[in-house]
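The data blocks that follow each hold one structure.
Next, two complexes with chain A in common: one pairs it with chain B, the other with chain C.
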Partner chain A sequence: MTNVSGAPGAADSGTAPEPVAERKVSETLHFARRNPKLLIGLSIVLGFLVLGLVGPLFIDHDPNEYVGPQTQSPNGEYWFGTTTFGQDVWAQFVYGVRSTFIIGFLGGGIAFILGTTVGFVAGYKGGIIDEILNMITNVVLVLPALVVLIVAVAYLDVKGLFVQGLFIGLTSWPWAARAVRSQALTLANRDYVDLARLSGRRTWRIITSEMAPNMSSYLVMSFILMFGGAVLIAAGLDFIGLGPSNGVSLGMMLESAMQWSALQLGMWWWFLPPGAGITAIVGSMYILNVGLDEVFNPKLREL
Partner chain B sequence: MWRYIGRKSFVYLLTFIVAVTINWMIPRFMPGDPVRSMLTRAAIDDPDALARMTDYYNEVFGLDKPLYEQYFAFWAGLFRGDLGVSVMLYPQEVTDIILRAVPYTLALLLPAILLSWIIGNRFGAFAARSKILDNTLLPVGYILTATPYMWLALLLAWSLGIVAGVFPTSGGYSFSLRPEFSWLFISSLITHWVLPFLSMFIVALGGWAIGMRNLIIYELEADYSNYLKSLGAPRKLIRRYAFRNAMLPQITGLAVQLGTVIAGALLTEIVFNYPGLGSLILDSLNSRDFFLLQGVFLFVVVGVLIANFIIDIIYVLVDPRTRVQMTGGAS
Partner chain C sequence: MLELSHVHKVYRVGAFGGAKLRAVRDVNLVVEPGEVVSLIGESGSGKSTIGKMVLGLTKPSQGSITFEGKDVTSLRGFGEKKEYYRYVQGVFQDPFSSFNPIFKADRVFELIRSSYFPGVADADWRKKVLDVMDTVRLDPDNVLNKYPHQLSGGQLQRLLIARALLLDIRLLVADEIISMLDASTRIDVLNLLADLKERGLGILFVTHDLSLGNYVSDRSVILHKGAIAEMGPTKRVFDNPLHPYSRHLLSCVPQLHRTWAEVDAELAADPPEDVELPVVAEGDDSAPLVEAEQGHFVGIDQS
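Here is the complex of A and B:
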């Protein structure tokens, strides 16, 4: 966890003169405020985050409970209509958005921590350790994550959000490892890293305080990609019916809509919102990512 | 070149061993009794048949032998092409059931992957650095890659299939037909194929277009592009050089994305009830047919490995540097 919390702030490096750092921050902010992709993406993501955090507080019944009349199209009382059993689709949607963020942070976070650790160690240490770690990365990279997950989760009797996040994290880290490794390789031989090594610092300290801050933007962006990937994989698992037992998620809404033939019955309000929710959250994260890239990388800024 | 291919093959061999080991480990180390939980869900009425099946599966799992013996027995069975007998369709071999489903999955996957890759690349190269296209189509591309495969499949099935009634939305061919070599049957196959293909194609297209666009922008910043520009070379020529250079990472990208696309194919098949591997996975999960499930897993992994190998060979053919330098780390 240390490399994550230490990454964006870069507070403990101590080597950079203060005024330069200050100017750099204000310059970043200057471009950030003027980047429409960043602003639009960020506001949609934050909007959904607030919906997922606050929305469930206003719903006084269980989202899977049969509360209303059956098969209602959207109306004043049930904003997104009801299912064939009289479940409130809006309630399910709000809880689903919440669990989407939870699985994104859990699965994406675990994958990120594993991937950056492997990538940093491989890139910094080099030699035989790099060879071995790179081999492992390539092996896990080639295995199709969703199919491995299906087989693994199928044998579990009790499935929870946490277990799902853990499994997703364990299968989707190699991408981050490769990206971080290639960056760490170029940083490992810089003078200031050599200096830190000469001064006798521990490897772990060098990675977290010398190397990570210098690629913080890169790390933030790979976390966002891991988050999006985890959300999509989780949606796929839920859709197959391997979602958390007794839970609510957007993928499980799609599954039950499919299973109870919402398509044939023309109940578009049942399957339209969950997919749109996933697409909006992940899509705006990707667009936010492009915005961040443009802010941090002067070459990509529009002139 | 041979060193490069040899190195890659070693990784694939290792991956195969890991995949088989995972396959062997999961039922044995997960909590619970796999044989019982499999057979209780299988809904068999005849107690005699149940006893016979329990005996059979207990023997196949070989749970009473020491672990290493179980492991080697598993490998031995694998090399005989024996993946066990299905619970869902009891006397049938898992291998036969899977081989019947594979053509449908391939018929979806291959055209979807290749066409989306080719068209996406062209499109991305075209959109790069032209302001209007970049600002309108780029967000569309990102939204497409963020779309869950099954949701787009549901949308297409609903809009084009049920509301407009243009295409059928379920199955691989009409239920009133039997598989035969006739015009009627083939046209039925094609109409049933269109929607699943289309939904996969559209989702995959966005990703390739974005990737190409980003790579072209990167290449246009490179020294050789600037040099050509300063010489007064036409824009079209510079773009052609940039495109050829940007192709290489896209070929590698094809290998990296394969797992995601296959996952997408499985999910799409489930929506359309298409008789490929995806529907097989769902059926085997619902009837707890772990032999079938694990067989499908192995088939998918082997398919991914073969595809990766082909992509590697293409990469060597396309990029002269891998033939000369033989740097394994660069790929």
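Here is the complex of A and C:
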């Protein structure tokens, strides 16, 4: 058993004993570095993140400003061409990537935190607490979220990214809560959770260190879905004119491209970058998730 | 030391919780220090439920469980429970599900350390761990720093017993700890329990296997449909079963060189001694016991 090459136990048995925490981190890294899915997914997501963070710094004009000649295909000066009005598509794209990440992290993050907290507490505690939380979840679930969003966003004076993200987060968490609750229900009755209770652990420690790691890929997966969902809901809101009044997003780019018949006019450089951008960000996050699953779950590792 | 008096456990079942399932009915029993008490019963007889109630993982519907004079069922808050688990520990049936598959198996020791011995130095702790590993006759090189799926059931089960021994326990609830082990490792674990008994540990040994109960215990309790059918010193219960259910149960043990017909004929030829079983009125939930001989009790007949 000890001589199986590549087995987690065998790999570090020859080295000098290190502190436990350090060894654990280095072991995770060891497997993370050898996982192509993780590396590919992570590099694409990080690439877009860096683009969204750094790209706007190099653009000295407003993305919606009419800066150049109209309807130019991509060239040396305007990398992604210009729109019917002479707006720089590259500038819109990098700002759009930035606001896509902001809305994804904000909306998806709020929904994720709310949903997992409610789901874990309901699934672990059970009984009357479960009943109450489940009722609240169901009420929010049957609310026509888009209609509420339209009404709320239309009545509010502030139409920034943050308000949009907050509302998306507050209306889209029930899905995560139900999914996490059903997982937590099965995990809460496992023997090792009972054993942790017998070891004098607090409830939140049991949830965070016994149950959550066992569904880490599930949690990452639901965060990715919430991220994607938030981006899509934001695009939908942008589409009906309820987006950030003076900002720019990939969804708004798609919308205006469609509104001004970019497809019919053959202006592929207008709608292709935002469409491909959303697809690449969400798709590479999915690949990243599969890779993370293999790194975190020893049983899935290719020994 | 441990005393259960008039303990009931009723589950609500059915679509709207209308029906009741009586898992444990009016159980009275005592475990003294240095004594092994076997709870023997078929599936659904309530034996594991009793173990869980003693460990505080579920609450009895009625009745009291006291440990060294303190009521276990009324332990309030996290601190009191933690203090209780310092003296009372459990080992569960399935060693493979008692370990969190994400982490290495020896993490169960770390849980105990972080909860109960936060101030102990690394070297002292290592010595303590090696000490208990020696008690359960495990080779540290073979089991430390391994994942649960890399170890055998017997090794895992002994790790769990070692974990319990790290604390200064006085009562061990062993819930079918032998049933998942193969025959060759069974005897090691049984002998280990005998050693622990020598040290003055009280053991509540839950099993469905009559021969194991006979081998290891000082007193035996035979459960039927949640109530005690027969209780007494192991030798008397096995040599002279008085309750019709225990007679039937003992006749069901397969024997070499004898057919079922022979066993049945012998059972019929040897009618039970004239013991008057207690009777309860319809709708009465109690299950009184009658002392047939010194320390040997017989309960109601529910067949």
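Annotations for the structure displayed:
Methods note: the second predicted complex is superposed on the first by the 209 of 303 C-alpha atoms of A that agree within 3 Å, B and C clash if a C-alpha of one lies under 4 Å from a C-alpha of the other, contacts with A are read in each partner's own complex, and residues count from 1 in each chain.
Throughout what follows, a residue touches a chain if its C-beta (ideal position, glycine included) is under 8 Å from a C-beta of that chain, and two chains touch if they have at least 3 such contacts.
Here the structure is a predicted model, which means the values were calculated and not measured.
In the overlay built on the shared chain, the residue A:V151 is in contact with chain B alone; chain C does not reach it.
When the two structures are aligned on the shared chain, A:F105 is found in touch with neither chain B nor chain C. Between chain B and chain C, more residues of chain A are touched by B. In the superposition on chain A, contact of A:F85 is made with neither chain B nor chain C.
Once the two complexes are overlaid on the shared chain, A:V282 sits against chain B while remaining clear of chain C. Applying the stated contact rule after C-alpha superposition, one finds that A:D191 touches chain C and leaves chain B untouched.
Legend: residue contacts after superposition of the two complexes on their common chain; A:G266 is shown touching chain B, with no touch to chain C. In the superposition on chain A, A:L141 contacts chain B only, with no contact to chain C. On chain A, the surface patch touched by chain B in one complex and by chain C in the other comprises residues 299. Residue ranges of chain B in contact with chain A, taken from their complex: 11-12, 14-15, 18-19, 22-23, 26-27, 30-32, 34, 37, 131, 138-139, 142-143, 145-152, 154-155, 157-158, 161-163, 169, 217, 221, 256, 258-260, 262-263, 266-267, 270-271, 281-282, 285-286, 290, 293-294, 296-297, 300-301, 304-305, 308, 329. Listing the residues of chain C that touch chain A in their complex gives 55, 57, 78, 81-82, 85-86, 89-90, 92-94, 97-103, 108, 110-112, 115-116, 141-142, 145-147, 149-150, 160.
Those residues of chain A that touch chain B in the complex are listed here as 37, 134-135, 138-139, 141-148, 150-152, 154-157, 175, 228, 232-233, 235-236, 239-242, 251, 254, 257-258, 263-264, 266, 268, 271-272, 274-276, 278-279, 281-283, 285-287, 290, 299-300, 302. Those residues of chain A that touch chain C in the shared complex are 1-2, 7-9, 12-13, 20, 190-192, 194-202, 210, 213-214, 216, 296-299.
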